[in-house]
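Shared between the two complexes below is chain A, which pairs with chain B and chain C, respectively.
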Partner chain A sequence: MNTPSRAADAGLCGCPVCGLVCDGVADPGRCPRCHCELHSRKPESLSRTWALLTAALILYVPANILPVMYTQSIDSGSAGREDTIFSGVIGFWQSGSWDIAAIIFIASILIPSTKFIVLAVLLVNARRRRVRRPALQAQLYRALEAVGYWSMLDVLVVGLVTAVVKFRGVSEAEPRIGILFFGMVVVLTMLGTLAFDPRLLWDSPSRHPPHG
Partner chain B sequence: MQIHPTLIACMNCDTLSQRPSLMGAEQATCANCGAMLLRAGPGLQHLLALSLAAAVLYIIANVFPVIGINVNGRASDTTLWGSVLSLADHATAPIAIVVALALIVVPALRIGLMCWILLHAQAGRRAPLFNFLMRIWAGLHPWSMVEVGVLAALVSIVKLSGLVHVQAGVGIWAMAALAVLLTVLAHWDTRSLWPELAGGRR
Partner chain C sequence: MASEPVQAAEPVVKRPGWHVSVVWVVPIVCALIGLSLIVRHEISQGPTIKVLFGNSEGLEANKTQVKYLDVPIGNVTDITLSDDLTHVIVTIDLLRSASGFARSDTRFWVVKPRVGLGGISGIGTLLSGAYIGVDPGKGGHSQKLFTGLENPPAVTSESHGAAFTLHSADLGSLDIGSPVYYRRLRVGSVVRYALDDDGRGVTIGIFIDSPNDRFVTAASRFWNASGIDLSLGADGLKLSTQSLASVAAGGIAFFDPQWVRSEDRKPAPAGTRFELIKDETTAMQRPRGEPIYVVMQFAKSLRGLSINAPVELIGVEIGKVVSVAVDYDPMTHRFPIVVGALLYPETLGRIFNDTRIPPGDGAGADDEERRMSVLLGELVARGLRAQTRTGNLLTGQLYIAIDFVPNEPRIAFDGAVRPLRIPTAPGTLDHAQEQISSIVAKLDALPFDSIGRRLDRGLGGLDTALSQLNTDILPQAGRALDDAHKTLGTAADTLSGDSTLRRNIDRTLEELQRSARSLRAFTDFLARHPESLIRGRPADPKPEGAGAGHD
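Right, the complex of A and B next:
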């Protein structure tokens, strides 16, 4: 095949569950083999992704400002300390575990902020008349899908640490509300990534009406 | 409605290609965007063996403690479920649901579904509820986070080791092995099952 032909142009649609390609499907239709719902493009992809991304950005503020965990131990006296996501990274750095600090920095700060930027770039580009370097952007999208869920790391760490440190009066750890916001940011950006349809990057709006 | 069993459409860019027939560990990628189109998998018997092993590891990972600590002779430990309860105990409760799904419920569903479908496929049958379960299977994948849980347990151990005496529990080893098996199973392209098993129309 010299010029790649595209399913939507040929009036065909591929099923996301069983992979069958079928013809002349009403949108939305049903796959004749596995009966799942078929859409030529994910429904309302752009507006759904924008909505989820915006919600995630709003929650990102309390997620970073509010403390995520409270810890109190015998040697620090009665005064406990509250950590935010960022002060947690600094804490590891100062205690000499720069490797763990790097892991948390990547999972909790670098990945979420990169995700915001990349998703926004993809959303803006998907509306363009001609998308520049779609192959690179398709790769970025697949990278988002692959690494996004690692951001849940901090939420799981808070869960484990607060579950195991429970010596009343001697040493205690409790989760704080910031981790709820942070977890919601991760879930919303994951939903946003899933709602985005990478096929839009290859659609030229001059041939197709914009979807969503 | 007409079907085109000889074609395959890329889910990332919508390019049509001829459906290749693959063997062994071969994989087909889209000529236009480079995304994975189709993968040949290990045999069903292999997959079934891996799924059953995953089921055993899943039970060990959930029953035994993941981390234990010791402060002045007082000991404490936690399982995965314990970490969910700890988050559920405070204002952070909604995120406990997400953690329970990611570490406990979704992995269990994945393993259970896999065993159910493969045990029937092994006997040359289509499992009851096959269509429905395969649709669920397709949606589960992004929400399974056992591998993140392993890293979280390691980070927690380092975090605590500065303050108290920490030991890794049996659960963490089982989780690590489970994460490997789930990754291998996730590599399996379930779409390859359809041509074989979808023959009998409902």
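Right, the complex of A and C next:
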């Protein structure tokens, strides 16, 4: 493989915070400038990411099954209605607001599930250390990072609506337990993305011993 | 510690090949959370039941709640049509805590705004939307399929009291929820009604709320208090109602009649059956016992005798007419009219109770009809007859009066004939009619023609006499009056102030006055000197002319 040489090959290690290039030291070393821990690769990156991804996947189930918001307005009666994410999308779609339905669908269903799949693919590839097109995969990873915070859109909407819509007897909105799970899913996927070390993608097995 | 030489064990150096990172705690915790959610959901999941309703007005899947005492106990999850398209099947997920509601005698109904004569209910649901109300069953087996009520039940299981059954000929204006009054206080309501199986009456279920249910006694009388009772009697116009609501919506009232002995006023057990009487007056009457059917045969037309007309014995109502039918007598080719009547022997009082069946009759001592026949036999022998009389001269309503009619021929009374047959006599009006017709016949015989002619002649003579009076006598009378006037004028002249006569009279009167004065002087003298009558006048100088004759 004609890949550019890595820092580890040159016995060097970059500080992740201040960027100081240090001598390739044993793993528990510290940056002489900012005292940040130095690792040539993030420790236990794959297993941590897997763990967080699994946790996120588990929580994704109640996040979708349980209602995220309770709304009550004068026309819907005192019973009010509790919407899950998906029933909210359907409700908006049926009431004609297909644009809002699309936004919620993309932000709350499409992006999280895509994140799971992409992260899983990256993890599998990193484990196999037989990366076909590392540049493409790195692009995927960057997209994953960029899109991460937008997944919180749903949580934001619920928070806003709950705060704003408070007209006793006429119209009310309250968060429900589902949104908590959804928020946790988003946080866990972001942590998972953070825990993943994309540099593992171009660690060739022939040239480098595996790192957790 | 032991003092043996320590044999240090060679530690097994293990390369940390596969070790579990702490981070796996996160998915484990998440899994536990998810698991607990599932378990909690499973635990809180109650039974799913289906309720049939006539329609699903106001109900919405996933929105309508099931409430008991305003506490949500379940949710409507689905609304579908039944297979035969006659009903709506409402699927309800009950909460786990409400699984006791899935009993066979639990009742479901839709609570929505209702406006009735008895009031308005369910106002709250105007804004909140309908919900399904529940009345939990007490017993019964567990059940998944129910039939919903069209109307909220008037009595729910949390209300305490007693239910009673009334029987009536018709429902009147009663309805579910119609009030039941005791001393004009609302104490209960009508909860159900149904036609009898044979269709000959209506059975009405009422519920009296506790604690007022103890006022229902075995002797209580129930009557229909619907509407306005307006009666015009000898004591004037009487208007009586229970309440304005009962005027419009109907109602039932009950009370213990005054004549019931206090020891009979024990609370009636729940479920006791009562008769619903048509009005208060009838309800408060004494019981009249089992009626006895009698017939009476009249020869005359009975126009004006209606069914339910009273049968009176010396002015006291003892029964009522139940049938008026025409019979045919082939012997005389007449159409006698047979009146059937029910007599209430209890109203006869002591005379009936004291009547004894002659021994050896064969009938039991409690055979009231037999006793009645014995009593009637005695009375008929003494002249008891049935008559028709006019009760109301304006409308010509007849009633049957059983009374002693003098000078009636003896009629044998057959006490063995059933139904009992009371002999009749022509009514008082019949007598009057005969008398009137004989008077009319006599009037008819009068020579009205000749009377008229003579009268005419006499009137002609009178006319001439009057005209003569006019022409001859009246002028003379005028003249005579003139003369009289003149005479009176002369008399007035004679009596005027300056006439001779007047002067003479004046002088005479003066003379008379003087004489009277001298007479008074004389009597004064005599009073002072009574002796002068014997001795003559004393020697002192005297007025002249006094007592001169006594010297």
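Going forward, the second predicted complex is superposed on the first by the 208 of 212 C-alpha atoms of A that agree within 3 Å, B and C clash if a C-alpha of one lies under 4 Å from a C-alpha of the other, contacts with A are read in each partner's own complex, and residues count from 1 in each chain.
Rule of thumb we're sticking to: contacts are C-beta pairs under 8 Å (C-beta built on N, C-alpha and C of every residue); 3 or more make two chains touch, one makes a residue touch a chain.
All figures in this text were calculated on a predicted structure; none of them were measured in a lab.
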* Asked: With chain A superposed, do chain B and chain C clash or fit?
  -> fit
* Asked: Which chain makes contact with more of the residues of chain A, chain B or else chain C?
  -> B
* To do: Please indicate which partner A:Leu66 is in contact with in the superposed arrangement: first for chain B, second for chain C, both, or neither.
  => second
* Is A:Leu188 touching the first partner chain B, the second partner chain C, both, or neither of them? -> second
* To do: For A:Ala51, decide between first (touching chain B), second (touching chain C), both and neither.
  => second
* **Superposition-derived angle with apex at the Cα centre of chain A and sides reaching chain B and chain C, degrees in steps of 10** => 100
* Structure fact -> Shortest Cα gap between chain B and chain C in the overlay, whole Å, is 13
* Can you list the residues of chain A that touch chain B in one structure and chain C in the other? -> 74, 184
* chain B-touching residues of chain A, taken from the complex the two chains share -> 1, 4-8, 10, 12-14, 16-25, 29, 32-36, 73-75, 92, 95, 97, 100, 103-104, 134-135, 138-139, 141-142, 145, 148-150, 152-153, 155-167, 170-171, 174-177, 179-180, 183-184, 187, 190, 194, 198-199, 201-203
* Taking the complex as given, what residues does chain C use to touch chain A? -> 21, 23-24, 26-27, 29-31, 33-34, 37, 60, 62-65, 127-129, 131
* To do: Provide the residue numbers of chain A that touch chain C in the complex, in ascending order.
  => 44, 47-48, 51-52, 54-56, 58-59, 61-62, 66, 74, 76-81, 184, 188, 195
* Could you please specify the touching residues of chain B with respect to chain A in the complex? => 1-5, 7-18, 31-35, 38, 66-69, 71-72, 74, 76-78, 82-87, 90-92, 94-96, 98-99, 102-103, 131, 134-135, 138, 142-143, 145, 148-149, 151-153, 155-156, 158-160, 162-164, 191, 194, 198
